[in-house]
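As structure tokens, here come the structures.
In what follows, chain A forms one complex with chain B and a second complex with chain C.
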Partner chain A sequence: MPEPMSAPAALPLWWVVVLPFLLVAVAAAVVAADASLTARARGARADVLLPVREAGRLLVGQRRRTVAADSVLWRAGGAVLPVAAVLAGVVLPLGLRPVADLSVGVVWFNAMEVLAWAAVWMVGWGPNSALGLVGGYRFVAQGLAYELPHMFAIITAALGAESLRPTDIVAAQRGLWFVVIMPVAFVVYLISATAMAFWGPFDAPVGRDVAGGAAAELSGVDRLVFAGGRRLLLVVAVALAVPLFLGGGAGPWLPAWLWVAVKTAVLLALVLLVRRRFPTIRADRFTEVAWIVLVPLTIVQALVVALLVLNRGGAG
Partner chain B sequence: MTVLFWILAVVAVVAGFAVFRLNSMAQVTFALLASFLAVAGLVMLLGLGYLGVVIVLMMVIEMVIMAVFMVMYMMNPAGLMPMAMYHNKSGSMAIAVGTFAVLAAGILLTDWPTRRGAPAPDQTFALGEALMGGQMLTMMTLGVTLFATIVGTVVLATARGRYDRFGDDLDRRRADDPAGGGPG
Partner chain C sequence: MDLRRLLLRLAAARPHVLLVALPGATEARLAVEAELGRRGWPAAVSPADADVLLVAGPAGPALAAVVGRVWEQMPEPRVRVVVEVVADVSGTLDSAASQLASWTAARPEYGGPGPREQEHRGPEHGGDEHGGHGGGMEMPGGLPMADLGEDRDGLMLDRLHVALGPVLPDWPAGLVLRVELQGDVIQEAEAEVLDPGRGGSSRGDVPAAEDARHAAARHLDGLARFLGVAGWADPAARARRLRDDLLAGAEPAAVRGQVHALTARVRRSRTLRWLVRGIPAGERAVAARLADRLAALDAAVDGAPPAQPGPSRPPDLAALARAVVGAELAAARLVVAAVDPDTDLVAEERGARHA
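Let's turn to the complex of A and B:
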């Protein structure tokens, strides 16, 4: 097996063009899987072409206009969501190498993720609609409750590898996957990654009780961009758990890229399953859980990992 | 590199000045954010990856929170009517433009010394060592002070304290909260 350090660190430049299509394909697969499960639960026939059909329908649909809308922020917010997701995706190691091997990769990833905050608020604010605004505020109000445990979970993995570079974090797990020494960080990461994409039980910002919340006034291509961007963000956020905690492309027999795909698929399936099992969590209740339970847990987890690193003579 | 510098520099200045021209609080907030993001790009161009990315991270969080507070304190809560800033707009514009002119003139007129020494091989590591090595005590004091300020502000701002939740003698078993549930 070649040393990861001696291999060229980043994928060839043409991957910049491939990456968005790859992520969109994965997001479409997630939508198809989710829709098939729903169809089966209803006793209907599964429809794997549903994302394509739905995208086509939205593309020809009319864009809704509202009175006194702030269209600059409204459209900009929708566009930021998928762009931020793809930009975050450039540091994901697809196999052994990412599209861009940044030395501060995980911080970059987090910075792109929080753009979703601004995006959802802008989309909620833009149409001059009360329900949209309620949805946007729901997300922003939860922001720190999501972001702090998320940040601590990411930093714990970086601490274990003594590097902010995703490929270094993968390389540091050659002996032992980080999920073994930092299980709390792994679970908290998955929870908060789902929450950052306002998915699963954290979908209050686009909840049915506020008629779709931030997405209430979206139709046609705007809805496609927003809903697609949200799924891209979910895919990317969940996919980073693989290099952070599950050893990246490490595994027997299969090539690295296939292991990354398999592990990502398993995690995405888990996230879909959780969404179907749990109802939407009330926002104020989760805030309390995040501050009283998750933040202290992740801090203790980071402390334990720091002691392990010091014990093996790291941080010299 | 030079092209990128000029694009980012122009975006930073134009978006910064747009704060005085736009008439919606929300748009002003995000114009300021665009200006900060352009500055973050400039910092990254200098080769300071970590600082640049952290500026993006902190500024996005900060400006979104700012948007919430601006809307909260605004006279027109709907906020979508034209909403210029009326509080001494000309004065603040004069200060902002004046500061920019003085700083820019200073940068252009200073006789800069030639560079001695070389940047550290790992900028992020050097930064961490500078902050948490020699300046550890300063940073720790700063951190604790800021944290105490946050806690103090929340305590002052909240209408309900522990006596409301647990009774005058703090002997109530379950907290009396307007929205029940949760761990504490």
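Let's turn to the complex of A and C:
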């Protein structure tokens, strides 16, 4: 591959500090938008301050302990979520450049988001509560369902660009966005990103039927870290669909960073609306669909893209 | 500290309320839910998530003990209130919010010597009971160990003794389902209603010969709770809103269009059909019971005469316990929500066990 550009490929170092705040702001906007949709359905007033109220409420709230809890795993599990989300976010091109332009950025991203498996299970296991444990195991089962299609979807985009570097993947879409040649991978990616953040309709691990599941025993700052980490993970996972499939910052008139923001916002809005359209999909039913439908579909999709790449004389 | 006071005030505008509904106090529960909906205050799903513990109705001895344990599990700042008279709901919620807002002033010890250790025991929202073995051995936290038993694939696995209810979201008032869990599959179940028959009249304000409005409201309430358990919050919220409108005096004919739109949306959902398919729930499967409920709701707003005006019989708790055995926890919740036993009608002490 030719060098993508002569300008420095990564953002200046101080972006390391800005990135978490940026992601938190987007996650707060997601919370506010989602809550206002909820309020409308119930006939109540929307509240712009809602993310601040909720965060403040949890900051002054007491942290709970439970009998014979595995405190180390419990607290660590919650803390892993936001850390993993921010670490995954460093390879997101915010415009033309990411905070860290890793040559294996896609693998890095995947490695970080897989930490959610451990995190949710640890949070479910830690408090020594039956419903928490059920929630934790539900997420592991869900992970078995979404992870394979997810990885095939990511690999398909990397294959199309013949690179694991997100900026290369964006550059490879200069002529044609990958969503056009790999629509199946795009849709599967969005589904699995939602499932990874156990966001509705894949919210069984923290389901209402098990009183909050993995999060049932969390209060105070522990709940804030867990719930916030989950939203961060959702934002980051959905945002990576922009460089992978939607051409990153490409677009007329507007600067690249604004295009990234617009595309990400559209995808997040889509995810919020989809949650309202579907009831919670239980892991037992989702696994069936994931393995019998999604895995073969994504493999065929990868095969088609591989043939396209060979045809244009790549990977020689 | 000023920042803490500011945060407390901000948070007190939207406290999370854990509503404990008692058998025989459906009227109070409905009034509270309507007021929470108007205010946009979220219902807490577990004690850990709650700021306000709201007990709707007069608690008998068994439920008073449960409420006490739930209260111990709640993180501070917290407020505990009782609503027995429907007219009090708004004032009670206001006073709870103002107590939360001025928490520091009221309780100077808060924020002093660090958070108190919260012990969590007991079954009230599904915590482990860990009944069974343990022998004389010293166990962590003084808790006995889980049993061992064969699961449905013939493997020796832990059996956890877990009590579902009476404090669970979208759960029949006062119902406790004592189950033996392997993984999340129920191996044995026993159903009981705590402190039954204290409310007197059935379903609060619903008279024996139910008019169309109350029939529609009752079906909307049942539908909202079923959809809540199924994890479909959006139509569940709409069903609650229509229910509240009806109970506030709206004519069934006035909300007919909205109710039909709602039932059509639920019926149309292929995902919901796929999710509730093949779950037996006694004599009728979950999907069939949902279809019945939707049809009855449509009929009620269309002004059709009530399908079964006969005297309502108390729910068959033994059949309910039988219906959840062999089900996974999620399916069992759907079964209970589909059967929707009217615990107001349970007259005396009764339990039912099925292995």
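Note that in this section the second predicted complex is superposed on the first by the 312 of 316 C-alpha atoms of A that agree within 3 Å, B and C clash if a C-alpha of one lies under 4 Å from a C-alpha of the other, contacts with A are read in each partner's own complex, and residues count from 1 in each chain.
Assume contacts are C-beta pairs under 8 Å (C-beta built on N, C-alpha and C of every residue); 3 or more make two chains touch, one makes a residue touch a chain.
Computed from a predicted structure; not experimentally measured.
Undergrad: Regarding the shared-chain residue A:V293, is it in contact with chain B (first), chain C (second), both, or neither?
TA: First partner only, chain B.
Undergrad: For A:P201, select first, second, both or neither according to whether it touches chain B, chain C, the two together, or no partner.
TA: second
Undergrad: Hey, is it chain B or chain C that touches more of chain A?
TA: The partner with more contacted residues on chain A is C.
Undergrad: Just checking: does A:L308 make contact with chain B only, chain C only, both, or neither of them? Give me first, second, both or neither.
TA: In the superposed model, A:L308 contacts neither chain B nor chain C.
Undergrad: Have a look at where A:S103 lands relative to chain B and chain C in the superposition and call it first, second, both or neither.
TA: A:S103 sits against chain B, while chain C stays out of touch.
Undergrad: Return first, second, both or neither, reflecting whether A:G143 touches chain B, chain C, both chains, or no partner chain.
TA: A:G143: touches chain B, not chain C.
Undergrad: Once chain A of both complexes is superposed, is A:V262 in touch with chain B (first), chain C (second), both, or neither?
TA: A:V262: touches no partner chain.
Undergrad: Looking at the overlay, what does A:R64 touch: chain B (first), chain C (second), both, or neither?
TA: second
Undergrad: Touching A:T38, do we find chain B (first), chain C (second), both, or neither?
TA: second
Undergrad: For A:L73, is the partner it touches chain B (first), chain C (second), both, or none of the two (neither)?
TA: The answer is first: A:L73 touches chain B but not chain C.
Undergrad: Just which bits of chain A does chain B share with chain C as contact spots?
TA: The answer is residues 68, 128, 137, 282, 284-285 of chain A.
Undergrad: Show me the residue ranges of chain A that touch chain C in the complex, using the header's touch definition.
TA: Answer in residue numbers: 37-39, 41-45, 47, 49-50, 52-54, 56-57, 59-68, 127-131, 134, 137-138, 200-201, 203-204, 207-212, 215-220, 223, 276-282, 284-285.
Undergrad: Chain A touches which residues of chain B in the complex?
TA: 24, 26-27, 30, 33, 49-50, 53-54, 56-57, 60-61, 63-65, 67-68, 78-81, 122, 124, 179, 181-184
Undergrad: Show me the residue ranges of chain A that touch chain B in the complex, using the header's touch definition.
TA: 68-70, 72-73, 76, 102-104, 107-108, 110-111, 114-115, 117-118, 121-122, 125, 128, 137, 140-141, 143-144, 147, 164, 282, 284-285, 288-289, 292-293
Undergrad: Taking the complex as given, what residues does chain C use to touch chain A?
TA: Spelled out, the residues of chain C in touch with chain A are 4, 6-8, 10-11, 13-16, 37-40, 45-46, 48-49, 51, 73, 75-77, 103, 115-121, 125-128, 139-143, 160, 162, 168-170, 181, 183-184, 227-234, 237-238, 240-241, 244, 269, 271-272, 274-275, 328-330, 333-334.
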